[in-house]
Every structure is written in C-alpha cells, then in structure tokens.
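Each of the next two complexes has subunit A plus one other chain: subunit B in the first, subunit C in the second.
So, the complex of A and B:
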C-alpha cells in the first residue's frame, strides 16, 4: 500500500445483470491533488465511486484508499467525505439536528467548525434540509465533510443543475480545502468547465472503461481538434478520427496529437478544450484498440503546475476509437 | 456508546421530526383500551404501535436515501442491521413501561383488580407479540426496503400475531399459565436472534 496515494484502482471490474458496468478500470490520484472523473451520463462514474468507497462490491482488481485496501476498516470512513448531487439526510431535519445526528459517529467532529462553515456558506442552523436549494444542499454536505475533517472529498456530480456563480463558489471551497497538502479531491462530473479551474488530473471514462487518465495538461496535449469542409476530412491510414461529426457546413473530429501529421493540409488543427475531448470521446464508435504508450508502469514525475513529485497516475489503459 | 447503540439513536433522530404521529397513535389506542380493558392495553400498544414505529426509519430511509448515509458513516454494516433491532427493542421497552404505568393507573381509577400475576402475564404476552412481529418484519424491510414491502411487513406479522395470540389463549385456558411464561420469553429471544441472523443474509441480497 502506497501512503502517497489518495487512492488507486487497479483493474477493477464489476457487472450489473451479467453485463460489465466497469471493465479493467485503473487510475490513481496522488495525495494533495484534484482528480476530475469525466464521462457522459451512464459512463460508469457513480459505479466507480461506489466501488472506491466500498459501497459496492467489485469482482476483479483491487482498490486502495488512503493507504488501505478496499473493503477496508470502517475507521477509514472517518477520513472520507462524500458529496453527491443530493443530500442523504432526513429532509425534516434542521441543520442543527443533522449535526446532532452525525456527530456521534465521527471521532474528530468539530461542532464549532460546522457552525462556522454554515455561517460562511450562508446556511441557517434552523433551516430544514428539504428546504435547501440544490446549491445549498451541496454546501451542507461539504460542511459535514469538512466538519469531520475528511482527508479525501469525493464529489459525485455535485454541480449538475447549479448556476455558474454557485459552481464558481464551490471551486473556491475546494481550493481552500486543498491548502492542506494532505487533502485530496475526486470530482466526478460531466460539466468539464468545472475542472478547467480546479482539476490537476483527469480520467476520462466511457461505457465503463477508462479512455485516458493523466494530468490535465497531458490530456489536453494528447489530443487535437481537427476541422475541415464537408468533404475534406476523411480518415487517413494510421489515424483515427474520434467522434467524427459531419454537418452540411463542415466536419469536426478529435485526433491523437501524434496522428495530426497524417492528416491532409486542408484541415484546421487546434488545441481542444476539455469539453471538446469529452464530447468527441462520448460520441465515438465502439471499435477498441490499445492506446500507444499505455504499457509500462506509471513513473514518478513532477506535477505540471507545482513541480511537486508525485506518483503519476497510470496513463490510458486503452483508447476507444 | 457502541456502534449498535449509535445506530439506534440515529433511528430515534430519524423519526424524531414525526414524533407527533406516533404519540397520536399511542394516545388513540390508549384511549380505546382504557375503556375496554386496562389489562389488554400493553399488548394492544405493542401489536398496533410498535410495528409502525419500528418500520418508520425504513420509510424515511427510502425517502431520504439514508442507505447512502449508512454506507458513508463509519459504521459496520452489521451494526446498522443490529441497530434496527436495538431500536425496535427500545420501542418495546418504552411502550411496555409507559403502557404498564398507564394500565395500572386506569385499573386503580376503575377499581379493576390487577394482580402481579396478571401483570407478568400481560408483559409476557406483549413480549411474544413483539418478538413475532419484529422477527418477521425487520428481515423483510432490510431485504426489500419500506416502499416495496410496507403492506406485507406490517399486516402479515399482525395477522400472525393475532393468530398466535388466539392459539395461545386456547392453550392458556387448559394449561397452567406458569409453564408458558418462561417459555414465551425464551422463544421470543430465540425468534429475534434467528431473525437477526436471517437479516444479515437478506441484507446481502437486498434490493434497493
């Protein structure tokens, strides 16, 4: 077990009704960083998170969480805060009741901090859980997680349905949480703009498989968006056009950066946004092939932004084209 | 506080916002049986109130996704399950205590004889009713959740309890009651322990 990893999934697989919900899922996050788990609805993000948290059994592979194998000791949950897109508290509880109910379960519960956070987030202790807006409910769950001094925050689609201002505020809260180098965040979302600001590492998941995982800059560098006229963009030998979209006015696709040289000269090649990568990967066909450079053990390299050395998450297990 | 006790307290806090409904039900049944027979008060409360209160955390859990909360809290799964039994047991103790006090007061006010032997018989029958009900109800609720099983979980045990009481009554008339009382307490404990073991298996196959 590696103590410098917040978590690691290695070859994790699980089935639902005989079909694979996750297949050979491998990625890891060094302690102190934010990982964005990106995928369309139904891609397997929630299933991955449930396996990671020990809330769901997995048939193959292994999972390491904060230095323990999953399923691990129950005490591990003292260090993990889980924020979903909804509360999982009694709707008729007032926020003060929620504290009274949860406090006995956590050794390091800090009631003063809970009240401070509610105050900071503009939440009233007398408010009922069911009366909170979605944004406020997410803030409440963050307050709960921070009050029991979690070291890892796991967010599962917390921003879906939130307005941009609240999403920006949430990014600020996560930024503050990460001031402690022992804190880490897993942030599952299909809204890629959330990760533009806070994501250090990204994992792209589609149909229960990891498409690619790495630092945000590596992922952005790994692909290019190519655009051409209605008939100018066709798949040359040796290159794959990922998620090719044809419209009456033009065509657009994602291509791996090293394959851009194989394309003709009459196409426009640009750096993609995270959203473009996510959209094209989600739209691609189901032919699969191993991604070049996926073999070999993950090395250790400085973090692209901070220069800190951290165990590097494994690069893509395979890429689907 | 042990993990099981913490879970039982969490159930108490879960139903606390709805305490008035439970109190109204308690009061209504107390009112009806106070007139008819103070001796039947506690068995009636146990038969009609406890199945509702013991199942209420499951109702709230279905609405509020408390299964996720249980999975996130640093709480072994077995403690969650045993905590439901502890919660039901606490309900029995509270209902039996309050009901007995009320029954004694009513009996005194109505000048109805209420001997120690009657009291022991009343509590033993109440225990048997409670044990049968909980032994059937909780594994069903744990396996299927309240939404899928509410009617079955509350009416089937009720029907079985009524049948058992009727059956018991027939036997009690022909058998010296002292023989039955210890047996009922032991059988109740055995039923609950067996039920808890079944609940653990049921939980592994639960449908939510």
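So, the complex of A and C:
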C-alpha cells in the first residue's frame, strides 16, 4: 500500500444482472492533486465512485484508498468527504441541526470551522436543507466534509446544474482545499469546461471501461481531431476514426495522435479540446476500441505515400469506431 | 506578482506564467528575494491545475530565476547568476538572428546593419540623458 497515492483501482470489475457494469477498471491518483473522471451518463462514473468508497461490492480486482484496502476500516470514513449530486441530509433539518446530527460520527469534527465555512459560503444556520438551492446544497456538503477534516474529497457530478459563477466559486474552494499537499480531489463530470483548467489528471470512462487515464496534458496530446469534406474521411490506411460524425457538409472524428500520419492530406488536423475528446469517445459505438495494429484491413500496409491523396479503396468502409 | 493568462494566445499556460514572471524579474519589477506565491496558491488564484504552476516554477528554477522551497513557496534569486546571464545572451542572439533574417530579405549589408544598431544605441543613450 503506497501512501503517496490518494487511491488506486486495479482491475476492478463488477456486474449487474450478468452484464459488466465495470470491466478491468484501473486508475490511480497521486496524493495532492485533482482528477476528473469524465464520461457520458451511464458510462460507469457513479458505479466507479461507489466501489471506491466501499458503498458497493465488486467482484474482481482491488482498491486502495488513503493507504487502506477497500472495503476498509470504519475510520476511513472520517478521511473522505463525499459530495453527491443529491443531498443526503434530511430536508426538514436546519443547518444547525445537521451539525448536531453529523457531529457524533466524526472524531475530528470542528464546529467552529463548520460555522466559519457556512458564513464564508453565505449559508444561514437557520435555513432548512430542503430550501437550499442546488449550489447551496453542494456548498453545505463541502462544508460538512471540510468540518470533519477529510483528506480526500469525492464529488459526483458536482457542477451539473450549477451556474457559472457558482462553478467558479467551487473551483476556488477546491483550490483552497488543495493548498494542503496531503489533500486530494476526485470529481466525476460530463461537463468538461470545469476540468479544462483545474484538473491535474483525467480519466476517460466509456461503457464501464477506462479509455485513457493520465495527466491532462498527456490526454490532450494523445488525440487529434480531424475534419474533412463529406467524403474525405473514411477508414484510411489503418487510422482508427473514433466517434466518426458524418454530415452532408463534412466529417469529423478523433484519432490517436500517432495515427495522424496515416490520414489523407486533404483533412484538417488539430489539437482537440477536452470537450471534443469527451464527445467523440462517448459517440463510439458499443464495439471495443481495437488494439493498435489490429485496426484497418490486415495486409494493406500503409504505403509511405498513401497518406497524400483521398483515393482510399476503403471509402465505403463502415463507420468503425 | 502579476500574471495575466490568455486562453486564446495559443501559448501553453505554463509558458505564459514562466514568461511573465521571467520578464518581471529581468525588468526588476520583482526584486531579488521577493516571495512568490506557492504553486498551490497560484493554481488556486488562477483557477488552473497544480501541475501547470509546478511546471512553470520548475522551469523558472532551472533557468536560475527563482528558488523553490518545498511546502513553502518560492523566491527570486539574484539576477547576476550565470544562468540568467546565459538566458539573456540567448535572447540577444535570438533577437539579432531575427534582425539578420529580416535584413537579408531587405537586401541590407553588414554596414547598414551596424549603422542601424549604432543609431538605436545612440537614441537609447540620448533618452537616458533626457
């Protein structure tokens, strides 16, 4: 068990009704950083988080959380703050009642800090949980997590439904939390603009599998977005077109950076935004991403020069992903 | 310390930070011994990732502009360090090379170039006197 990792999942698999919900899920976050877990609705983000937090059993693999194996000792709960997309507090409670209810569960509960944070976040101790807006409810859950001195904050879709000003405030709160090098943050999202800036690490998940994990720069470097006319992009010489989108005016797809050389000269190749990566990966059909080298037609080696013109014999190729 | 990031400059964020802090140090705006915010505080304030600010500071440190103190922050090193001088020399060379390239396209001779350079130096000296 390594203490310089906030958490690590290794080969985690879990099934629902005989079907895989997660398959061979492996990724890890070094202590002190922010990771974004990006995927479309239903990609497996919440299931992954529930497994990580010991809220859900998993059949294969192992999970390490703050130096403990999951499912871990009860004390582990003290070190993890969870912000879900719904509040787990009773609606009729006033925020002062919430403190009285939660305090007994935490050894290091800091009531002064709780009040300070509510004040800082503009929350009234006398307000009722059910009357809070979405943004206020998120801030309340953060205040609770910080008051019991969590070392890892886990957010499940924290920014969906928040206005831009509140999202920026949230980024500032996360930044404050991370001033301590022993603190780490994982958040899942399908909105990528929040992560474009503050995310240190990213993990892309699609249909219960990890598509890619690494630093944000590594992920952005790994792909290129390619655009062409209606007929230019097919499955050219082995380059694998991810989430190919074809309209009467043009085509657009994501390719691995190392495969851009296999494309025709007639296409525009650009560095993608995170959003473009997320969109194209989510648009992949249910088939697996082939391993490098097995995609394209076997036996048709890319000629050094074939990249130049759009005379690809595979023009009619199905839209493989 | 002043850092203004552009999202549309096409220059990586770490590079923008590095250039702006480096320029501020060379111009004397950030004096020797000045404390810089920690990489984590800077990341929070600019709403960018810690990896980005860490990289900017690491490169500034490698070029001899700043020294970082783990867990604390960073401070500005004396300007006369050999590394900074080397950095400045490289900037001079780059600038002169750009001038040479332009001069070649304009068909200027060595004498013309020297004359222009002398003119610039004179003008600067006169500005300083005034």
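Quick note on the criterion: the second predicted complex is superposed on the first by the 288 of 321 C-alpha atoms of A that agree within 3 Å, B and C clash if a C-alpha of one lies under 4 Å from a C-alpha of the other, contacts with A are read in each partner's own complex, and residues count from 1 in each chain.
The definition used in the following text is that a contact is a pair of C-beta atoms (placed from the backbone, for glycine too) under 8 Å apart; a residue touches a chain by one contact, two chains touch by 3 or more.
This is a predicted model, so every value here is computed, not measured.
**Student:** Looking at the overlay, what does A:90 touch: subunit B (first), subunit C (second), both, or neither?
**Tutor:** After superposing on A, A:90 lies in contact with subunit B but is clear of subunit C.
**Student:** Can A:16 be said to touch subunit B (first), subunit C (second), both, or neither?
**Tutor:** neither
**Student:** Given the touch rule stated above, what does A:77 touch, subunit B (first), subunit C (second), both, or neither?
**Tutor:** first
**Student:** Pick one for A:175: touches subunit B only (first), subunit C only (second), both, or neither.
**Tutor:** Touch status of A:175: second partner only.
**Student:** Look at A:100 in the shared chain and tell me whether it touches subunit B only, subunit C only, both, or neither; answer first, second, both or neither.
**Tutor:** first
**Student:** Looking at subunit A, does subunit B or subunit C touch a larger number of its residues?
**Tutor:** Subunit A has more residues touched by B than by the other partner.
**Student:** Once the complexes are superposed, what residues of subunit A are shared between the subunit B interface and the subunit C interface?
**Tutor:** On subunit A, the subunit B and subunit C contacts do not overlap at all.
**Student:** Within their complex, state which residues of subunit A touch subunit B.
**Tutor:** 53-55, 74-78, 80, 82, 84, 86-93, 97, 100-102, 104-106
**Student:** Which residues of subunit B touch subunit A once you look at their complex with the stated criterion?
**Tutor:** For this pair, the touching residues of subunit B are 1, 6, 9-10, 13-14, 16-18, 60, 63-66, 68-69, 71-76.
**Student:** Under the touch definition given earlier, write down the residues of subunit A that touch subunit C in their complex.
**Tutor:** That would be residues 32-34, 168, 171-172, 175-176, 178-179, 181, 197-200, 215-217 of subunit A.
**Student:** Can you check the complex and tell me which residues of subunit C touch subunit A?
**Tutor:** These residues of subunit C touch subunit A: 38, 40-41, 43-45, 47-51, 71.
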